[in-house]
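What follows is a pair of complexes built around chain A, which joins chain B in one and chain C in the other.
Right, the complex of A and B next:
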């Protein structure tokens, strides 16, 4: 009917888009990356600090988008920076999102192939995944937002349950001493941990779809606080269970935590399948939103029809995801994406915000 | 229903023909238009002592003969007194008859032949009088209807034992009587090009969203079909999306369900000739609800509802989860259980998927067969099929006993769903989920779930998102979702329906 057909998302949905985007491959790899850099159990302090920085960046980006509340970044970048520079930055974002999207798909294929579908070729795992994403995308941003709303409570409940059941394996001594080597290791941990907040940049593109764009700042803040909470719990439990040295030598430490315990007397003794279910859903969420952000860029910059872009991008994403030959190469792409994210989402927004305010003042 | 079949379109030049008042001509014309219909009775008589001839047409079987004899023919043939003749002088014969003689409730008149013939075929009695240029239409139709029994398809332990029938008038009367609401609006519609069937759109004024009502009226007006035997036709013609296994309109035989829906701000559509009433818009959670949830106290009501969600889950995922764990990830279930399942599968020649498919198809056929058979044989077939074939299949080593347990549990779960049409939906989807599990194991089941959710979040029923109130999230509506809050706590009508009057009163 008429009343619900608007192409807008509610504030709750905006929060969940940010949250679901941020929560992705990081759940499994963050403990290792952070522990490698910090080498003390203080990684959880790093994540709090870097989370704070991420929120700050998010607020800057939200403010920037609020200068043009009914336009996405792709649309207002040209106004802000001039036609060609704006277009160039938009294309950078499109490429960034494409690679990020393909990267998430590949990580998903790697983990699934490693854990539950040994021997299945990764193209066979990837292709149906991509098609499901395409199907969701046809429904537009509202469908994506609603799907996130459905999977988010499932994620929270299963995640907390699975983590709570690992309490037998936790040894608080692994978390001590707090700040044993002073504050400098914590600072070393900022770089890898801040990258786990990739995804916050989506606020540049969704403010235009919000029913109440004025709440963008609130959305991005709450949207990042939820992942911070998740990450702290993961880091604390994983390190308490496996110790810092143990974490460094494992590819997927979070999975090893869940595989590390068995509970007798229940229908299931091992719970990694539960973690994998919610993790696959989260990866799907990240994949879909990046896929959407990339398509949005293409059809807003080049004025192509939506459906064509969605369909045309599918093989592109597939081939990008197939490029890396080994897992190490996949992680290298991840690092490159991190650097790109620092430039696009860390360095760029503040000058743009100042520019936008200045332009607004001029008028 | 009796009134439909005999209708014949009156076409061509005769359409505009008017009654002439020349008795033989009028009667001849009408008889000519009706010639093939053997069930039309024609009674020719003299109108009292006026020396005028009159003719009465009616349909044998549809007309209430007693009414015709006592209140029409007798009074028309009884001699008029002097005063009567004076009155005839004053107001004319036709008006005199209408005002003084014909003591029945529904009297109309028409001056065209085609209308007269249509009314005859509709079950009315039509009186033609010499030198009167209008035909008098007398409402003496007596629709045969059955008694108001409890619906077979939706029995309840607690709740009114009354169900809709095939007669539209009975159904509207039930709603009027049970609803006891002066704001209850009933809009009459005629649907069908050849067979004109009566439909009624009903809602509560001041509660239902006017946009919703307008949209439903618009969609019903747009229906172009010559014959509507059942409200399922309307459902299929006005639903939002036809490429989906999910019903977007609810059908029910229970008046209490309809009244509850109307009170929430929904709209119901009744069609003559079927006891199934349509309710729109509908959301997924509604299809797993039963009126009983509200009649019981809130705790048992909530628990039973949780149980039903669980049943829906098992019905959808039971076999696929079994397949994925047995064929792909035996390491994820307890070792003892895995060993016990594996040992029971020794000698089974098929992979788990084929085994499950075999049994699922067998049980679907069994269910279908049990449904079509005469009542006394149905349970017998259930025993033969379920017990004997199941037992024999296990003994013969074609399927494992575990598979029989899974399949039986799935079948029972799908019976626990209060709506038959939703049960079918879940049965269909179960097979897809089994295929997904057979190809990709647990990953396939996850993908299937994501696909299903992607589909569900896009689905709408008259503009109301199908997954509400889960998404778009409406905290207030969650009071009546998986759990049901105590009745006194549910002070508001569902927000998703955009009702005019949000608060439930009293």
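Right, the complex of A and C next:
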């Protein structure tokens, strides 16, 4: 079922896969990371620029995949770079996806363990999560895409609602002045903000599943524009509520925005659980898609049976997610993943695209 | 048969586990307010066998106010039991979290901070211990919400949470008074933990509403001034001074400006409908100066002195008097903040930061001392838009 002959996804579904992959744990921590680097309220400009860079990289990757429209990166990497080098890069991607997947699971366990299920052991939070992911994966990429079609509208509606209700706590002066200290702080913010677009690399693997591979560029562009929109809103509101000085000291600033107000006279008074619900759904989406991408790699590189791959990966993901002992170590893994992503998705695609075009012309 | 069994099993395991780790509401110490005071070993040690050793020697008292669920009248009927709806419990210790756990030695139910509405801190405590240290736990903890309000009291914080009237919960009354900002110019915008978080970590000085208590009643009375550098209390602003401050910061939303021009019996009240403050910073050859413009519109709401002159003349005269009165308040506010406390709690630095960010970068580390000597001018515009059902003429 993992093979792509029978499983096709529409362009909209491809857009949603990119969007749901990008939106993940970063939603809660992005304001702090960005504000730490920029130190002025101009963080939202940084995210627009880095979003632009991410889209550019996404287009390069989409173009690369379009050179081999019915093959995933794992399949064509060997053709492109030779058997052994191609295999090595593919394995790097598999390891990267495994760690990313486990990282998302761990962040989910950390946040729900601290805020919702205090006292529940983290294995009890993690294991059901993993099993549900396995169940979804058996259905192949079409099931994943259909799930994303369900959770995406919920995410948008709930997100905009809980953010809009924070209106009273916002102090617009915290967002001013715009570019007060010139452009250099904005540039400092590019590094942490570009990492919040991790996930765009999925386009290397899903073009092969698209009904119309020609629309890959459009899919990746729209798929990244939606997260840019999310991020801008989050940065503006969180900085407006907590100010730059306040944000840099908060572990999960976006949650603080929602924890900073109570609405009287409505059915509910507090809304952080709503944010956590959509956030958990987004984490689940990212977890599933990385789990899928890692399994796909093992399946296509080593030709192992798909069910065995899915099942075999579960304990691996579980153990990786349990490795970090403290929250700080978890964040360190996040930074490591960022560096890996820069190499795999930032540096690698352009030379490969040139190589592919050159090889194509040779024929 | 097998399927039915499986279905029943699955349904019951999902539905019945809903109450997993549930806690009965009657068994929760539902905290609504916290008071922090200087340590009082004698009053609060409850005859402990051993003193808790604390190498720093620093002790303070926490008072937790929680809802007495058995006394809360159920339904619409008023209980009339005369029993207090709240319980206050005080403990002494060296850090907040430690004190909370000391309570576990005295009460069977844990205190829950999900519904804490207000934290009252004694000014005496804040004179030598910074706000950041005292509230660190509450900003860090996962139970406390950031919408919780912080107040300061010149007297004993414990007393503020103790009302004569048994039918109200003191913490809720304190939050309720804060909502009256549209009725008085002497109420500051509530200092929620969200706002405090930003203030604590910046260098800006700030104000927190002061609340006083006397014989079982409370009153919002002026504000406590905090130095941005140390986060410690450096003094108080009186109620009269606060009007000028809220007019400058734009926190004043409504209220009464009383005018008493000349002889006795000439009182007039001006009820503010809208008031707008515009602070314009100027930087000329490195010299910083400010101009504040206050524009108020409102109603002549009470008039003891009836005049024979035409209405428009009476109104112009009143506007003049109101303007003068407001100017006096501004002068007083500036005198107190610039000369007495040398702390910019009126948001001038904030405007400078927005308008001249590069100048701000140079002066921000020592802003309060710069602020003390910065020239500030002001102008006031008053506009009486109406005078109620009676005209101001006899």
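The definition used in the following text is that the second predicted complex is superposed on the first by the 357 of 363 C-alpha atoms of A that agree within 3 Å, B and C clash if a C-alpha of one lies under 4 Å from a C-alpha of the other, contacts with A are read in each partner's own complex, and residues count from 1 in each chain.
Here, contacts are C-beta pairs under 8 Å (C-beta built on N, C-alpha and C of every residue); 3 or more make two chains touch, one makes a residue touch a chain.
Keep in mind that what you see is a predicted model, and the values were worked out from it rather than measured.
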item	value
Which of chain B and chain C A:7 touches, first, second, both or neither	neither
Partner chain in contact with A:284 - chain B first, chain C second, else both or neither	first
Which superposed partner A:135 touches (first chain B, second chain C, both, neither)	first
Touched partner set for A:326, first chain B, second chain C, both or neither	neither
First (chain B), second (chain C), both or neither touched by A:143	first
Partner, of chain C and chain B, that touches more residues belonging to chain A	B
Which of chain B and chain C A:270 touches, first, second, both or neither	both
Touching partner for A:125 - first (chain B), second (chain C), both, neither	first
Those residues of chain A which chain B touches in one complex and chain C touches in the other	120, 270
Chain C - residues contacting chain A, complex	21, 142, 145-147, 192-195, 197-198, 200-202, 350, 353-355, 357-358, 360-361
Complex interface listing, chain B residues touching chain A	209, 211-212, 215, 281, 328-329, 331-335, 337, 440-443, 446-447, 450-451, 453-458, 460, 462-465, 467, 470-473, 496, 498
Chain B-touching residues of chain A, taken from the complex the two chains share	1-5, 10, 12-13, 112, 116-117, 120, 125, 128-129, 132, 135-136, 138-139, 143, 145-147, 149-151, 264, 266-270, 272-273, 276-277, 280-281, 284
Touch list for chain A against partner chain C, complex	40, 114-115, 118-120, 169, 171, 173-174, 176-177, 180-181, 241-243, 245-246, 248-250, 256, 259-262, 270
